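You will see subunit A twice below: alongside subunit B first, and alongside subunit C after that.
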Partner chain A sequence: MRTGDYKQTYGELVALIDSPPVWLWSAVLMLALIAAPHVLNAYALTFLMIILITVTGALGLNILTGYTGLISLGHVGFLVTGAYAYAILVSKYHMPPLVGFLGAGLVPALASLVVGAPSLRLKGLYLAITTLAFSFIINTVILEMRWLTNGARGISVQRPEILGISFDSDAAFTYLCLGIATLTLLATLNIRRSRVGRAFVAIRDNDTAARVMGINLHAYKLLAFVTSALITGLAGALYGIYLSFVSVEGFPFLLSIEALAILIVGGLGSALGAVLGTVLIVLLPEATRLVFSLFSAQLDAVFTTGAQELKSMLYGLVIILFLRFQPRGLVGAWHDIRRAWVNWPLRY
Partner chain B sequence: MRDHLRTASLLLTATLLAGGGALAADPGITDTEILIGDVEPLTGPPALLGVAASIGHKIAIAEANNAGGINGRKIKYVLEDDGYVTARTIQGAKKLIEVDKVFAMLGMSGSGQSIAVMPVLEKAGIPTVIDVAPVKLLWEPPRKNVFVVGQSYEEGIIHLVNYLAEKNPGKKWGLITQDDDYGITVRDGFDSVVKSKKLNVVYSGNYKKGQQDFSSDMLQLKDSGAEVFLAGGIIAENIAMMKELEKLNVKPVTGIFWPGRVEPVLKLMGPAGDGIFAVDYVEPFAGEAGKAFLEKAKPLVSEAEFKGINRYTMSGYAAAKVLIAAIERCGKQPTWACTIGELEKTKNVETGVMAPISFGPGIRFSNQKLQIMQADTATVSFKPVK
Partner chain C sequence: MQYLLQLLISGLAIGAIYGLIAMGFAVIYKSTGLVNFAQGEMTMITAYIAWTISTTVSGNVVVVAFGAILAAILLGLVIERVVMRPMLGEPVFATVMVTIGLAVILRSAINFIWDAYPHGLDVGMGRDIVRLGGIGVRTGQIAVIATLLSLLAAIWAFFRYSKMGVAMRAVAADDRTALLMGISATRVHALAWAASSVIAGIGGVFFALSYDLSPAMFQLGLKAFPATILGGLDAVLGSGLGGLLIGITENLAGGYLGSGMKEIAGFAMIIVVLMIRPFGIFGERDIERV
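Take a look at the complex of A and B:
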């Protein structure tokens, strides 16, 4: 009888997916996501688009904060840089969208070297404040460079056409978001099981011990910043296209906090956690509204006319509840359920 | 046999045409009801304008419903909160169009939000009248189904600065603006008059959105010796600036713009706000038209809503009146195409709260007439300047 989930070879330990049922469920989920744009109405599809864009951004932050343990309060800075890089290249200089996406990744990656450099000497709260300052500086730079960014007037962005395929419709754009989110998920999962990923985790767990083991802290911390910013920049480009208008106002500081909340609720350091956290945080207000609307039309009206205040309250409440009762997040809860299922009727 | 077939095919064609007609009916309209949707910032600081605009829509709708509705159909108003978050404005608009299936739209939140939601509205083809934040990108280029009631920020500032320049010849000028789209528009409008009238600008400041403390800015303004001051803040900023100037014991001739021309702001400014000039395209509440509007609104809204009335209520009311009138002119079976056609034919429609409203072929902006008004803190109101 199987009494646990034992890895007997090194290959098993680093396998991307370790069991056939997980392959099966992943395939089912992917098929459902492919079918979704044809089944969901335009409103429901906006949630799917937001989830996929947010997953991409959250996975980017997860590399820095979840894997490497470097807290960033200014990730919205990379998000807005990516969005502007795409908008400037595509809308202003009429470059192909693929060049726009390349720029959306590379420009924030270069910017991350500026903010990443202090991280070599700073940790914890001090680093968090540095990244926060970076996001404010980026906003000021964008507003002042009017000749390039149109300042506060913003830049309109059209849905892209890539290699002859138009992503103008919501369904097509959802597929673009799905493709980028899936590639990002695979990339981050692969990073995690590689030498680089193990170095990130070693730095997070104890950077002194990591250094003793021969890990170059400077190089790996900078690499974490660059990778994280690159992915977040891509998410920024997608978000800019979704909004159809890129301006500093469209990227409020609250997005940085929301991203951190996603990682905490999902489970820090886990790609699956970033995905689950995103789904919960994005859908929570709408799900709550739907539940309440079953009981009373008046409660439904309260949710539509006071949506943003209630949303903030719900986020706060969920974070407090998770920190108190499930600090390992949704992934931790999922692991507990799975262990209970496998070991039943035994507890361990 | 051939006759039977012909009869059958004629019947089938007639049925399909009838069915097709029913299928082609636009959403948001039943035998008893017409749905009108709106997305506004109802929470957070910009709620001051979003809530007020929605009250204006409610007043116009209640007025129409009390008069029997639109050709017998009652109007139902569906309101969504976007919290001034652009992504949520897009979601809200899509929800109203796809889930609630509204017939027409009003409002559409702030300037950045309404610009971002434009592709959604254009693609849907739904008749829309925007009233909260009139910015050029909304009507240039003109979109078939989107109409804007109001006046551009640039024109407003030019009108105000021209007036102040004429009344204060040869004086030194000071200006402070916000570091956003609104601030740039104010500055551009100001700069255009500075060039044409050769104004002597001795202070030109810029502040970060959300700034609370204006002590150093106002000290610089005082040191510069500015005698005429254009306060480019919106709400809290203008209050802080005027309070600071009061503390420094200087009182330049001050002009503010219509987003901050709301009575609660004047109340918070106290004596510091007395005599400041403002520009607007809606009537001041202290005037005859304003008083008549308040009288009309009182029985149509709750007490709490009545307290929330400000200038945005008037602009919202006017936009809703124009939309309702256009749907009404379409008769018993209004459609989107007819409503858009009738909106285009809008000519000198009187709303009582601003100059008559007109659109036209290819003209989607009502280009309202502006007027100068002056604050009177004793009555906490703005009075028209003759």
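Take a look at the complex of A and C:
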């Protein structure tokens, strides 16, 4: 009788996917996602696009906050830098979109060196507040550099055409987002099971101990910043294209908090958690609206007049409730369910 | 010279407001080890309640001040009891995230209850202009600087000499050991939240008095962050002085470099300061065991 999920070799421990059923279900999910743009209506497709873009951004933050334990309250700064890098390269200087995406990754990565280097000595909340400061400074820099960024007027962005393939339609753009999100997921999973990923986690668990064990704190913390900013920048470019207009107002401070909320609701430090958290947080307002409209038309009316307020109140409430009752997030809940399923009727 | 003095005085006045809110941050940090990201929102609620009292009940200064302080105490206590106390003993990161969630809820609640238009708080005083050596100063501005200084003195004495103040420091240093020594951590936390809410609320009311109430007021909390960080999160006095420093820097940057610089002067300053002193100017260095 199987009594547990034992790993006997190192290869098994670091395997990307450790069991055939997970392979099967991942393939099914992938096929479903590929079929989705042809099946879903335009309204549902927008949610799929937002989920895919948000997953990319959340995975980026997950490397910094989830794996390395460096809390960033300013990730929207990298998002907006990526979006602007893409918009300036493609819309203003008419570069090919691939160059735009490259810039959307590299410019935030460089910016992350600027914010990361002074932050190396800082810990915990002091670091969180430095990143917060960074995101405000970057907004002002963008507004002031009018010759490059058009200041407060923003830059409009077209859907791209890459290697002769046009991503103009919603379905095609969803495929682009799906491709980038999948690659990001694979990249983060692979980082996690490599030497670098283990160094990140060691820093998160106790940085002094990690340093004693020979991990170069400065190099790895900077690496975490750069990787995280690169991925987040790509997400920013996608979000800019989705909005079809890049401006400072399009990237409010609330997005930073939303990203942290996603990680916490999903389960900090887990790629699966980032995905689950994104799905929940993106669909939460819509789900609530549906429930409200089921109950009565009056409630629905309240929801439309105070929609924005109620939506953010829900965010806050969900974050608090999750931290209170399920600190390990959706991933923790999933592990509990799985264990209960395997061990039933025994407790453990 | 006249211009410089004018900038300095108005910088001191706004800095005193930042200082009050920053002290609110520091009081909570000093006794619970948390950064309360909902401080700006709590400040804002107190200011809005003061405005509601002044328009519906009475515009008398004493009534408004008394009502606002009472409301702030109540707000602090309720938040501590309902939201924060269940998180006692949880990791700091989780608890800080709870305050972020709380901030989001409070901000939307304010927009939901009160409208989105700016309002001036009118209690019949505080807006008159006094000439001090050729420079126009509002009485409200003088009052807020005086309030900050007297509160600084009072809080310094409280933490230094009173039994409760020492208990608060003990809980901040190590809440389990403090519990074993017979200190009621919950009572300490409740007191800290109430005190912080009142101190920051006073700042909020003064802000409403000199400027206007508006839904963007929660940004005061974000502006007061640099002040707290500058002084060191665990230094209550340092935060108050940090506020003054940030206010002056901000105003000078705004006056001589342009309004864009005014917005970020404080943030740029803390990045520089933290590079040199990672625990703030007056903050104590953490010593860690592995």
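Keep this in mind: the second predicted complex is superposed on the first by the 348 of 348 C-alpha atoms of A that agree within 3 Å, B and C clash if a C-alpha of one lies under 4 Å from a C-alpha of the other, contacts with A are read in each partner's own complex, and residues count from 1 in each chain.
Heads up, the rule we're going with is that a residue touches a chain if its C-beta (ideal position, glycine included) is under 8 Å from a C-beta of that chain, and two chains touch if they have at least 3 such contacts.
Not measured: the values here are computed from a predicted model.
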Subunit B versus subunit C as contact partner of A:41, first or second or both or neither: first
Return first, second, both or neither, reflecting whether A:50 touches subunit B, subunit C, both chains, or no partner chain. first
For A:252, decide between first (touching subunit B), second (touching subunit C), both and neither. first
Have a look at where A:244 lands relative to subunit B and subunit C in the superposition and call it first, second, both or neither. first
Where does A:309 make contact in the superposed view: on subunit B (first), on subunit C (second), on both, or on neither? both
For A:143, is the partner it touches subunit B (first), subunit C (second), both, or none of the two (neither)? both
Touched partner set for A:90, first subunit B, second subunit C, both or neither: neither
Once chain A of both complexes is superposed, is A:109 in touch with subunit B (first), subunit C (second), both, or neither? neither
Subunit B or subunit C: which reaches more residues on subunit A? C
Once the two structures are fitted together, what part of subunit A is touched by subunit B and by subunit C alike? 140, 143, 306, 308-309, 311
Help me check something: in the complex, which residues belonging to subunit A touch subunit C? 71, 118, 121-126, 128-130, 132-134, 136-137, 140, 143-144, 206, 208-209, 212, 254, 257, 260-261, 264, 306, 308-313, 315-320, 323-324, 327
Which residues of subunit A touch subunit B in their complex? 41-43, 46-47, 50, 140, 143, 146, 151-154, 156, 239, 242-245, 247-250, 252, 304-309, 311
Once bound in the complex, which stretches of subunit C touch subunit A? 35, 83, 86-87, 90-98, 100-109, 111-112, 222, 225-226, 229, 233, 260-261, 263-264, 267-268, 270-271, 274-275, 278-280, 286, 288, 290
Which bits of subunit B are touching subunit A when the two form their complex? 41-44, 78-88, 90-91, 94-95, 97-99, 112, 115-116, 118-119, 137, 179-184, 208
